[in-house]
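A, B and C are the chain letters, set down in written order, and residue numbers restart from 1 in every chain.
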Amino acid sequence: MKKISVPQRNHWLARFQQSTHHGDALWSVLIIFASLILLALVIGIGWMLWQQSAEARIKFGWSFVLPTSNSTWDPDSGVFQAWAFVYGTLITSLLAILLAIPISVGIAIFLAELCPEAIRLPLNWMIELLAAIPSVVYGLWGIFIFLPKVVVPVGEGLATVFGQVPLLNSFFTGPIPLSGSSRLAASMILTIMIIPTVTAITRDVLLAIPNTQREAAMGMGSTRWEMIWQVLLPYGLSGILGAVILGLGRALGETMAVTMVIGNSLEATNSLLKPGSTMASLLANQFKEAVSQLHTDAMLEIGLTLFVITLILNLIARFLVWQVARRTPQEARA
Amino acid sequence: METKIAVSKNVTESAESRNKMEIKNLSVFYRKFRALAEINIAVHPNRITAIIGPSGCGKSTLLRSFNRMNDLTPSAHMDGEIILDGENINASGVDVVDVRRRVGMVFQRPNPFPKSIYDNVAFGPRLYGIRRRNDLNEIVEKSLRQAALWEEVKDKLHQSGFSLSGGQQQRLCIARALAVEPEVILMDEPASALDPISTLRIEELMRDLVQDYTIIIVTHNMQQAARVSDYTAMMMIDDHRAGRMIEFNETNVIFTNPKDKRTEDYVTGRFG
Amino acid sequence: MTTTRFQELIAKNEAAHARGRRITNIVMLTITGFLTLLAIIPLFWIIGYVIYRGGSTINLDFFTQLSRPLGMTGGGVLFSIEGTIVLAILSCIFAIPPGVLAAFYVARNPNTPLGTALRFGTDVLAGVPSIVMGLFIYTLIVVPEKHYSAWAGGLALAILMLPTIVRTTEEMLKLVPHTLREASLGLGAPEWKTSLSVMFPAALNGIITGFLLAISRSIGETAPLLFTALGNEQYDIGTIIRGGIQSHQSLSAIIGRIINQPVDSLPLTLWKYAQQPYPERIDQSWGVALVLMSFVLSVEIIARLWVESRKRALQG
């Protein structure tokens, strides 16, 4: 009977293979290392912004970002107050999300509940293609087409209607510039840009609702709309809220299209019809032309502010999603 | 007594004008596929009619025809007459929303809304414009009593419907259906997802409700059909995979002296 | 038969109320269809106009020439196209290996401290505005190096791509039936071989789609490049390579020259040209928009068609 030879234990390759569990130890190290790199990036960005903006932070304190009536951003004299840009960011994004919510929810309802099978896929694609258009292209179209043809007439209309209404008129003091560059323009373009995000998530939320809910409502004699409005939307509310917050996050960070249509003025007026700036648009315009280290640091502090705001929104959105997962009604077993 | 394969004419002839619901020559198609073929059935008022048969024979499809729930499936199409109190509801121009109020439905798995117990039951009445607290309170209590659930939930009406056990949720769904005062109640295997004790409670409930309502149930449980129903309809699939009505008669006749061999095989458990 | 309270109540205004419900139903449902149409309008408007204005600017020169000073005819955006390609390649090199590896970790260990932190971190990274990413790379690399470069831009784009790559890869890996993994392990294959030779290929289709979508998005990015790649209208790879060969430079030196200087990319060029007050530049920016959109939309459409054909193949 032929002797079957046993592999030599002390051959160096065999020992290497054993000690690394046939390469798995190396593999584990590799994937853990990659994961740590990712985490390091996240922490690094926050840390870097914090560190580098130190000089500005120490010098200006909290009043850097708080509302004030005499906000100035004056690189030459070294006085930096960012409220004008914080305001610009907040008002354009909030207006954009307010406009986007009814439109997106309406579209999502159509796509999820009403759309005929034949056109469902093409319509979904088209909404997603809207999200694929690069920001600069939105800006280019904005400057030369959207602003003159749509924003200016709308702005003039708003100035006429609300210009004299007490309380609201500070937001609608006209006239809108000839070019149309204004916060209104930025909000309207942002609306178009975030509709795909909010719509897609809302549609998925609606599609995930079990059919038994629809049958229960319609079986009792509700109309389709009553079923959607009174059963489906309340059921999916947390998910829809998450979609809204994600959309808001996108709007806050949007830079190029906004820079191209907002007029890049440093004034802190309230009016939507006037040019303004956002935190992101300011960075895009001024960062490379900083006149002093303090100027650079102040802008890094703006970057930090933007980072923190979007981080907080992200956390809220995550929390909401976690809530949905916890509260998802389970079918009760008798 | 003549033996017939379709509806036993003797049962319905004299009572035809007094049938609560009737189905004449109904066929249901999903696109080109015929799921139900030439169904004829008469439903007596204030009686429980059971529809039995092996799984896949189209019992649920038939049940859902009574309140035109098949309309919710885009590819579904119904030919034939569905008659409620003498009027054909499978015609154009019929207000389906009103039909569904008059013919209510309880589903296999309890499906309460993610709202409070109170709001679940009040959902239907609110659709009809009833807003005043007193009116709603009255209706909610009445419906929950009819569903034999009031005593168990009267102190926690504002808790979520999901906080109830399975059997209680199903009774909540029944209360919800009762709140709009239907005339007919359709039940699609109402106890199949429940434990034996909850099942018996639902069956007792059915016998109580039938004094005020007409009930049609689908069940795969023959013993349940025998216990609970007054009339039984036996269905089976034919060679083209379409469901057909094999026999329809008073329950005790179906179970003790069926006219069709296939019925006899099924109820004695020789198959299915 | 006495009427019940309920019947009394609804009898009071039944007809009017029922009509009201019907009308509300039709009106609201129509509105949703109308809103959908409304949202599609900008899509066709933008694409249509870009084709119209850009189409009249584009000629062969556009693709093959570097930029000429104003006033001179001709000139093109070759530098921009090459810069876009170089940035795309660099960002893939930087983003794909760590992204895929990290995804392997998360897919296998989602609930360890590192796994949870990773999932959380990926979400945070996804929400960072792209201009902040540019600031980060500027401070980290451009300042110490004292010059802008393509690889700095590539790095900024890569970090923006990471969350998408990690998420998509992770999800696709999770979709692979665990029986496949167990079969491989049961045969004695080590974990790493199972992951690379069995799991990865099985999930590959979905992963590629994720890559394509991440790349198409990064091609369209401008903000992170503002402070990293800066722009360079005289960039030409052909010239670099020919010059390098003539002066007998090594391969690594040539590659170094390719990636270590500022470059333009299509969106960056578009932004710069759109702001200039010269009509020729404005026309050119429409042309750039057309080229850019064609790239981006082609990749998107290919990716979606790929997904659909895979889905249909699976359904047999």
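Simple rule for what comes next: a contact is a pair of C-beta atoms (placed from the backbone, for glycine too) under 8 Å apart; a residue touches a chain by one contact, two chains touch by 3 or more.
On a predicted model such as this, the values are computed, not experimentally measured, just so you know.
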(request) From the Cα centroids, identify the chain that ends up most central relative to all protein Cα atoms. (result) A
(message) Can you check which chain pair, B-C or A-C, has more C-beta pairs in contact?
(response) A-C
(request) If we define chain centres by averaging CA atoms, which chain lands farthest from chain A? Would you check? (result) B
(request) Please compute the C-alpha centroid of chain A, do the same for chain B, then give the distance between them in whole Å. (result) 49
(message) Rounded to a whole Å, what is the gap between the Cα centroids of chain B and chain C?
(response) 53
(message) Rounded to a whole Å, what is the gap between the Cα centroids of chain A and chain C?
(response) 15
(message) Give me the residue numbers in chain C that touch at least two other chains, ranges are fine.
(response) 21-22
(request) For chain A, jot down the residues that touch at least 2 other chains. (result) 223, 226
(message) Give me the residue numbers in chain B that touch at least two other chains, ranges are fine.
(response) 97-98, 127, 180
(message) Show me the residue ranges of chain C that touch chain B in the complex, using the header's touch definition.
(response) 4-7, 9-10, 13-14, 17-18, 21-22
(message) List the residues on chain B that touch chain A in their complex, please.
(response) 67, 69, 72, 74, 97-101, 104-105, 107, 109-115, 123-124, 127, 162, 164-167, 169, 173, 176-177, 180, 193-195, 198
(message) Looking at the complex, which residues from chain A come into contact with chain C?
(response) 21-24, 26-28, 30-39, 41-42, 44-45, 48-49, 52, 102-103, 106-107, 109-111, 114-115, 121, 123, 125-130, 132-141, 143-145, 192, 195, 199, 223-226, 229, 249, 252-256, 260, 280, 283-284, 287-288, 300, 303, 306-307, 310-311, 313-314, 318
(request) State the interface residues of chain B toward chain C in the complex, per the touch definition above. (result) 95, 97-98, 125, 127-130, 135, 138-139, 179-181
(message) Could you list, by residue number, the parts of chain A that touch chain B in their complex?
(response) 116-117, 210, 212-223, 226, 230-231, 234-235, 329-334
